[in-house]
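In the two complexes that follow, chain A is the common piece, with chain B as its partner first and chain C second.
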Partner chain A sequence: MWLWFSKLGSPKWFYELSGKWLPWLAAGMSLLLIVGIIWALLFVPPDYQQGDTIRIMYVHVPFASISLAFFPLMAVAGTITLVWRMKLADMVAKTAAPLGAWFTALALASGSIWGSDIWGTWWIWDGRLTSMLLQFFLLVGVISLRSALEDADAAAKACALLSIVGCINVFVIKYSVDWWNTLHQPSGSFSLSDEAPNPPEVWVPLVIMIVAVYLFFVVSLILSTRNEILERERRSQWVQELIGAN
Partner chain B sequence: MFESIQFSSFGDFVEMGGYAFNVWSVYALFLLFFFINLYFPILKRKQIMREQKRRLLVNREKVSIDSKLSNNEMDKNDS
Partner chain C sequence: MKAHRQKKLTIILFVAAGLTVSVGLILFAMSQNINLFYTPTQVAEGEVTIGQQIRIGGMVKEGSVVSANDSLQVRFETTDFIHAVPIEYEGILPDLFREGQGIVAEGTVDAAGVFHASRVLAKHDENYMSQEVKAALDAAGVNTETHPSLVAPES
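On to the complex of A and B.
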């Protein structure tokens, strides 16, 4: 267990293993993404209330649900950084923040475009949207905190703390539709679980898209983390050998 | 399989039941986002590789020049 743990923390080990996995992950992602997009755009029946805007759900829901994973991920990585001073954990935390900001921004933008017709408004200051916007600003805060602090070690610690505190907001986002549902007209909620069970032709492509976007998140995170490793470990023997061999 | 396509013509498909702007802008953003988050890390990797390789070569040259210099100066002084 401890051997495995210390191995996992080694950037070299991660770099080699991720290099082996990357083509498979990318291939799976592309396949699922193509199937998912074609299914969502061509084969999903229009919703009886929302018509063809239901196709927006296949982009919005995967991004919105995965954007909730960033703060917990950064908090776990931050805790490992604080407690065990594992280099790799901080690299993952660093690359996750901008990616998380992108995910949150796309979830907000797609939701806004969806709402502009279905709700009749681009924006509404309800619990879900406001807490999601807060998450975006928190992620921007984490990114700027890191670039503002010159000392890399201090920056890693400060970002780790902010990520752990920022996890509170994830609960607010998650339960916002339950907490504030009563204040809202039912049409204001876009939670799918409240509705009657959906037929498979509606949820199967959604599951495909969620898995595809998850793979995309993993692939993108691995790509940036590998860059971070190459930059931070550039003085080490194995990186110099790797670059020399290329 | 193809009989369950929800649109009778390509024009219908583009129109998206009157929601062309909403549906297509979301999918366009999605593809743009997808492209940005895969293309830039790959581009950055190439830059890092190029930069590091250059640094490596400069260092090697420096080392060889340094060793030649120190060999020549060896006779003059010991440092």
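On to the complex of A and C.
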């Protein structure tokens, strides 16, 4: 297990393995995204109270759910950086932060559009929306912190600590709708029956969209981490050979 | 694991646990301020100062909506099934507004206990289904109306 762990820390090993996986992940992502979007836009029945506006959910929920994954991911990578000083972990943490800020912004924007139509307002300072906005600012803070510190090693450590702290907010976002009263509705539960709220005709395309957006995240993370690897390892022999070979 | 690594990991876990507990305590202490709205029961029991700008959240009571013929004036009651508070509002209501729907209204309570709303927002639950499924459930007499978190956490 320790051999596997130290192998995982090798940028070269990751670069080669991820290169093999990328086409498959990208193909799966494209397929699910096309199926999911067409299904959600054209074949999901209009909601009994929200009508066609319900289709926004198929974009909003995947973005919102993936954006909760960033701080835990960055915290795990940050802990590995702090304790084991693994180079790859910090590269992942660095590239995850801007992606997280984008996904959080998209969740906020799609939710705003949904809210303007159904709630009657673009924004309200309730527990869910406010904690999500806080996550956006925390991610912008992590990005700024890294570029503010000149010493790359110190920046990595500071960002790792901030990521661990930011993790607490993920629980606040997740449970905000249960702990406090909010305008935002709580998470729904899937029903296996056709004759119940949230039947399969509602959630199957949602699950497809969630998986598609997760794959989109994985592909984006791999691409930007590979970029970061080439940037940081540019003096190493294998990168020189790679560039020479092309 | 080497001793210095174990020490580092312990410090990180300790800091994370300490922060979590302190944030948890702060949020717990502030819970009444984080709640978006007061419930009709809280308003009826006089927890709210007269004239203070607040939000109230509840269901629109069945059979309580009275609209004026010549203006956008509307009067209805919001209820948490324990107490009902009358609301007066002049303006455009969200499309989702109807009897039995959850709403959040912003405004002030007057001395007579009437809530004067400056804005009314619709709150919906997390149950999504087509018109057909809804009609089938209604025909079967299944109650699909969950009442969106009306009860404020204990404070």
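The definition used in the following text is that the second predicted complex is superposed on the first by the 230 of 246 C-alpha atoms of A that agree within 3 Å, B and C clash if a C-alpha of one lies under 4 Å from a C-alpha of the other, contacts with A are read in each partner's own complex, and residues count from 1 in each chain.
Just so we're on the same page, a residue touches a chain if its C-beta (ideal position, glycine included) is under 8 Å from a C-beta of that chain, and two chains touch if they have at least 3 such contacts.
Just so we're clear, the structure is a prediction, and the values are computed from it rather than from any experiment.
J.: Now for A:I124: first (chain B), second (chain C), both, or neither, which partner does it touch?
T.: A:I124 contacts chain C only, not chain B.
J.: Counting only touches as set out at the top, which of chain B and chain C does A:N227 meet: first, second, both, neither?
T.: first
J.: Would you sort A:P46 into first (chain B), second (chain C), both or neither based on which partner it touches?
T.: both
J.: Which partner does A:I37 contact after superposing on A: first (chain B), second (chain C), both, neither?
T.: A:I37 contacts chain B only, not chain C.
J.: Which partner chains sit in contact with A:W114 here, chain B, chain C, both or neither? Use first/second/both/neither.
T.: Only chain B; A:W114 stays clear of chain C.
J.: So in the superposed three-chain picture, is A:V219 touching just chain B, just chain C, both, or none of them (first/second/both/neither)?
T.: Touch partner of A:V219: chain B, not chain C.
J.: I'd like to know which partner A:P23 touches here: chain B for first, chain C for second, both or neither.
T.: neither
J.: Per the definitions at the top, what is the overlap between the chain A residues touching chain B and those touching chain C?
T.: Chain A residues touching both partners: 45-46, 117.
J.: Would you mind writing out the residues of chain B in touch with chain A in their complex?
T.: Residues in contact with chain A: 4-7, 13, 16-19, 22-23, 25-27, 29-30, 33-34, 36-38, 41-42, 44-45, 48-49, 52-53, 55-56.
J.: Flag every residue of chain A that touches chain C in the complex, lowest number first.
T.: Interface residues on the chain A side: 45-50, 54, 57, 79, 82-84, 117-121, 124-127, 164-165, 167-168, 171-172, 177-183, 185-189, 194-199, 201-202.
J.: Inside the complex, what are the residues of chain C that reach chain A?
T.: 5, 8-9, 12, 15-16, 19-20, 23, 27, 31, 34-37, 39, 57, 93-96, 104, 119-137, 140, 142, 144, 148-153
J.: For the complex, which residues does chain A have touching chain B?
T.: Of all residues in chain A, those touching chain B are 37, 41-46, 51-53, 55-56, 59-60, 99, 102, 106, 109-110, 113-114, 116-117, 216, 219-220, 223-224, 226-227, 230-231, 234, 239-240, 243-244, 246.
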